[in-house]
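The two complexes that follow have chain A in common; it is paired with chain B in the first and with chain C in the second.
Take a look at the complex of A and B:
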């Protein structure tokens, strides 16, 4: 009863109440209030996430599992960033007499330095490595082995060409009656017709799925969110 | 018949050659700073006009929902939007629903303090920072802005910030300019903040890979968006044409420089794809005929 029925009743009541509030101007304030509660609860999720991260990495280190040194680096980086952020090291105060009154992200502060000179280059580097894998994959995998692959290949080349400033010049000389065959117009048709149609169909499908799953949760049919007994 | 040794060599080409070629092709334009002229597309012109046609001094909400991994594509857009709004003397309200977005906002604040010294914190711009809760943050400020944003990033209560007076909810902003690298981001700002109200318009900037999911919202729910670095370069072109003083400042054409590198990379990829197919036809056909 305490473990299952009451949580289901709370979820159902809150869920239906919030749906109702979207259609009742008088209940608008409650929708906003509950959203604020959610935002506060979401802040606690960060503490949970940090605790989980630390416990899993500490376990790896204590058990000397393969790659435990990476866990050590993770914990040192986490702790270091947390200390410079919470301690507002190198941050000048916004109000005289209140040493911690400055914003932790103030330019020149230690956290700002870590963000700009450690985190930004690392994250950008990770993303930039994709370019190398794309070039390798373009050479080995992008091959016209059948009709479907050929269509995909032609589409990719057209979009790649149209996404340059000089590519559309190739078809610039086409007369107006053949304007549909200009590179930028072909790209426009691919994106605005084929892509948008496909995306809309997927979005409608997802929305219907969300409605059906939400109803199952609110009516207590789907109880998986409560975990196993 | 045996394939020519050149085809056999290419068929077993070490991928490090391709990696080296990529460095060369992308690196040269970035190091030389070559800029190619871009012809602005109708959608980019729509986005530009959305900011430019607003009356001077309008309140513009600028949620920057991206992190450093998308910096290459999105930072130039965010900078162009900031400079454009500052030229129009709009009041800028920065916030983010991504924890890493705080650093990206800080960069816009640096631009304002260096290039627009007359812009004053709390009077012309405000950094409202990050709030946890993802899209629920948007849902909350739709009805109650100060209820969630009771202080700015520096801890100043919003009641003491002159430009926050009169901002009760999302309806205080005629325009939202969102730069987003994923979910939650532009999609949620369209769905929760812009679509329910006739008086709020939205434009955005997003990564090329995310763009395909956002086209269905144009033009009825969103005026337009900058999808990737090419539209960002086109936007810079429009900005420099209308406000030539921006072009004279250093490092204001990052999207245009990045676009040259991307253009070179696109031609390289097309060449690699064609070469890969030639290799397949030469080696497979000749191998099969034996």
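Take a look at the complex of A and C:
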């Protein structure tokens, strides 16, 4: 009762109230208020997340599991970033006499330095690997094994060629009456017509799926995500 | 004598010209204030008749209008940070009558919407025409007016009606299914393969990796992913396979722990449940990607499930797992990521299939009923698309008959508009 019924009642009340607020201008400010409440709850939950992270890595170190040195690096990085962020190390005060009054991301501060010179390059490196993964995925996806795969291959080649600067040059000699067959126009048709059609159909299905799942959650039809009684 | 006469005439002419050029501008008139409909009482619409001098090429041109507002009760002075403010940054103050300039409008403007108002206050407006050489007209005053809070947005009534029909059909089918009515649901290959994937992991003695997206618990895709996790965890409990659930949000971690624990209890294997299998890594997208990819390479999971909201990391996960030979099942409602999953995964739940997964896997009749309700929504969507296409085609074929165009506009702007 306490573990499932009351949370469902709260979720239903808040959920239906927020749906109503979308149709009532007088209630629309509640949307942002509830978002703020969520942020507050999520901030408290960060303690749980940090505890989980630290405990799992401390266990790896104490048990000397393979790769425990990486856990040590994680803990040192976590602690170091936390200290420079909370301590606002290297951040000049905004008001004289108030040493911690500066913004933690002030340029030149230690946290700013860690973010810009450690985190951003690392994140960019991970993001950059995507280019190679796209190539390997495209290599597998575009193998002309059957009719459908061949169509996919031809479409991809046309769009890719038209995206390049030299692609449109291949068909620029076509007379105006055959302008539809210029590479850039074929690409436009493929993207704006066929691609948009498919995407919109998927979006309609997604919207209906969201409605159905939300109703199941709000009406308590599916309670599996709430845990055991 | 003649010189004196000429000088007098010239002086009179000069004075006449000065008087003519210094004459006051004629003011605007009929300053009306009306409430803006369908808002939360935060805006007023002002309309007025232009000054008779507001004509192009006139001798005494109006170059603009000064709009001022008096607030009753007055707004509190803005809060300033620090001990002192420089004169350049000082906020403008109301004059002795309590009016504060809010806008200078260009000549020819005869309306303005004043926004960010408070419905608990009265507002009086003062409008003055401005001419060249800093000349101004007499001011025209409005009556005091207070914006009104509207409780129903009439622009959204049709949208609300359509939403009620779709939601109502979902609810009706849920209750029909509960009453024992047989509902036929087509097979979804990706969902049929869930058991196969878990079985494969069991045979290989490796873990099942489940990623419930990278969004927080307020995202419906994350909820849908956790519902699927419940069914997958039931299977891993039954098969005694290892389960690994890295999360990118603390709240998702706590909810996932509850979900998995419930699944293990339901499967009769609470002893196998280990909360540390569900853990938090980081909120940062590429930090999470690095951690999960590294885990994939080191531990080589036999089956990978990606169920939730994904962005650029989708292909990195799917390709990394592909290199370690894992069977992969993905489900997402992010259209931009679907091609990546389709290219790299063995099975993909596209959009609505992902949301249908929980009902499908549970097999509970009331949940299957919700899928039938969705079908009615699709039928309504298809009918509206066909009717709309027909109306727009007819309106372009027969432009002289305005009724097709009006109906098409009604369908687009009113029925399906926001």
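In the analysis below, the second predicted complex is superposed on the first by the 213 of 229 C-alpha atoms of A that agree within 3 Å, B and C clash if a C-alpha of one lies under 4 Å from a C-alpha of the other, contacts with A are read in each partner's own complex, and residues count from 1 in each chain.
Here is the rule we go by: a residue touches a chain if its C-beta (ideal position, glycine included) is under 8 Å from a C-beta of that chain, and two chains touch if they have at least 3 such contacts.
None of these values were measured; they are calculated from a predicted model.
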item: A:215 touches, of chain B and chain C: first, second, both or neither?; value: second
item: Which of chain B and chain C A:2 touches, first, second, both or neither; value: neither
item: Which of chain B and chain C A:206 touches, first, second, both or neither; value: second
item: Contacts of A:53 with chain B and chain C, given as first, second, both or neither; value: second
item: Touched partner set for A:225, first chain B, second chain C, both or neither; value: second
item: First, second, both or neither for A:147, with chain B first and chain C second; value: neither
item: First, second, both or neither for A:67, with chain B first and chain C second; value: second
item: Touched partner set for A:23, first chain B, second chain C, both or neither; value: second
item: Contacts of A:123 with chain B and chain C, given as first, second, both or neither; value: both
item: Intersection of the chain A residues that touch chain B with those that touch chain C; value: 28-29, 38, 42, 45-46, 119, 122-123, 126-127, 134, 136, 138, 140, 199, 203
item: Chain B-touching residues of chain A, taken from the complex the two chains share; value: 28-29, 31-32, 35-36, 38-39, 42-43, 45-46, 94, 101-103, 105, 107, 112, 115-116, 119-120, 122-124, 126-128, 131-132, 134-136, 138-140, 142-145, 153, 156-157, 160-161, 163-168, 184, 191-192, 195-196, 199-200, 203
item: Touching residues (chain side chain A, partner chain C) in the complex; value: 22-29, 38, 41-42, 45-50, 52-53, 55-56, 59, 67, 95, 119, 122-123, 126-127, 129-130, 133-134, 136-138, 140-141, 199, 202-206, 208-217, 219, 221-222, 224-228
item: Residue ranges of chain B in contact with chain A within the complex; value: 13, 15, 18-19, 21-22, 26, 36-39, 41, 67-72, 100, 102-103, 106, 110, 127, 131-134, 136-137, 139-140, 142-144, 147-148, 153-156, 212-213, 215-216, 228, 230, 259, 262-263, 265-270, 272-273, 275-277, 280
item: Chain A-facing residues of chain C, complex; value: 38-41, 82, 149-153, 156, 160, 163, 166-167, 170-171, 174, 216, 218, 220, 223-224, 226-227, 230-231, 249-251, 253-255, 258-259, 261-263, 265-266, 276, 279-282, 284-287, 289-290, 298, 312, 315-316, 318-320, 333, 335, 338, 340, 342-344, 350-352, 354-356, 358-359, 362, 366-367, 370-371, 373-374, 377-378, 381
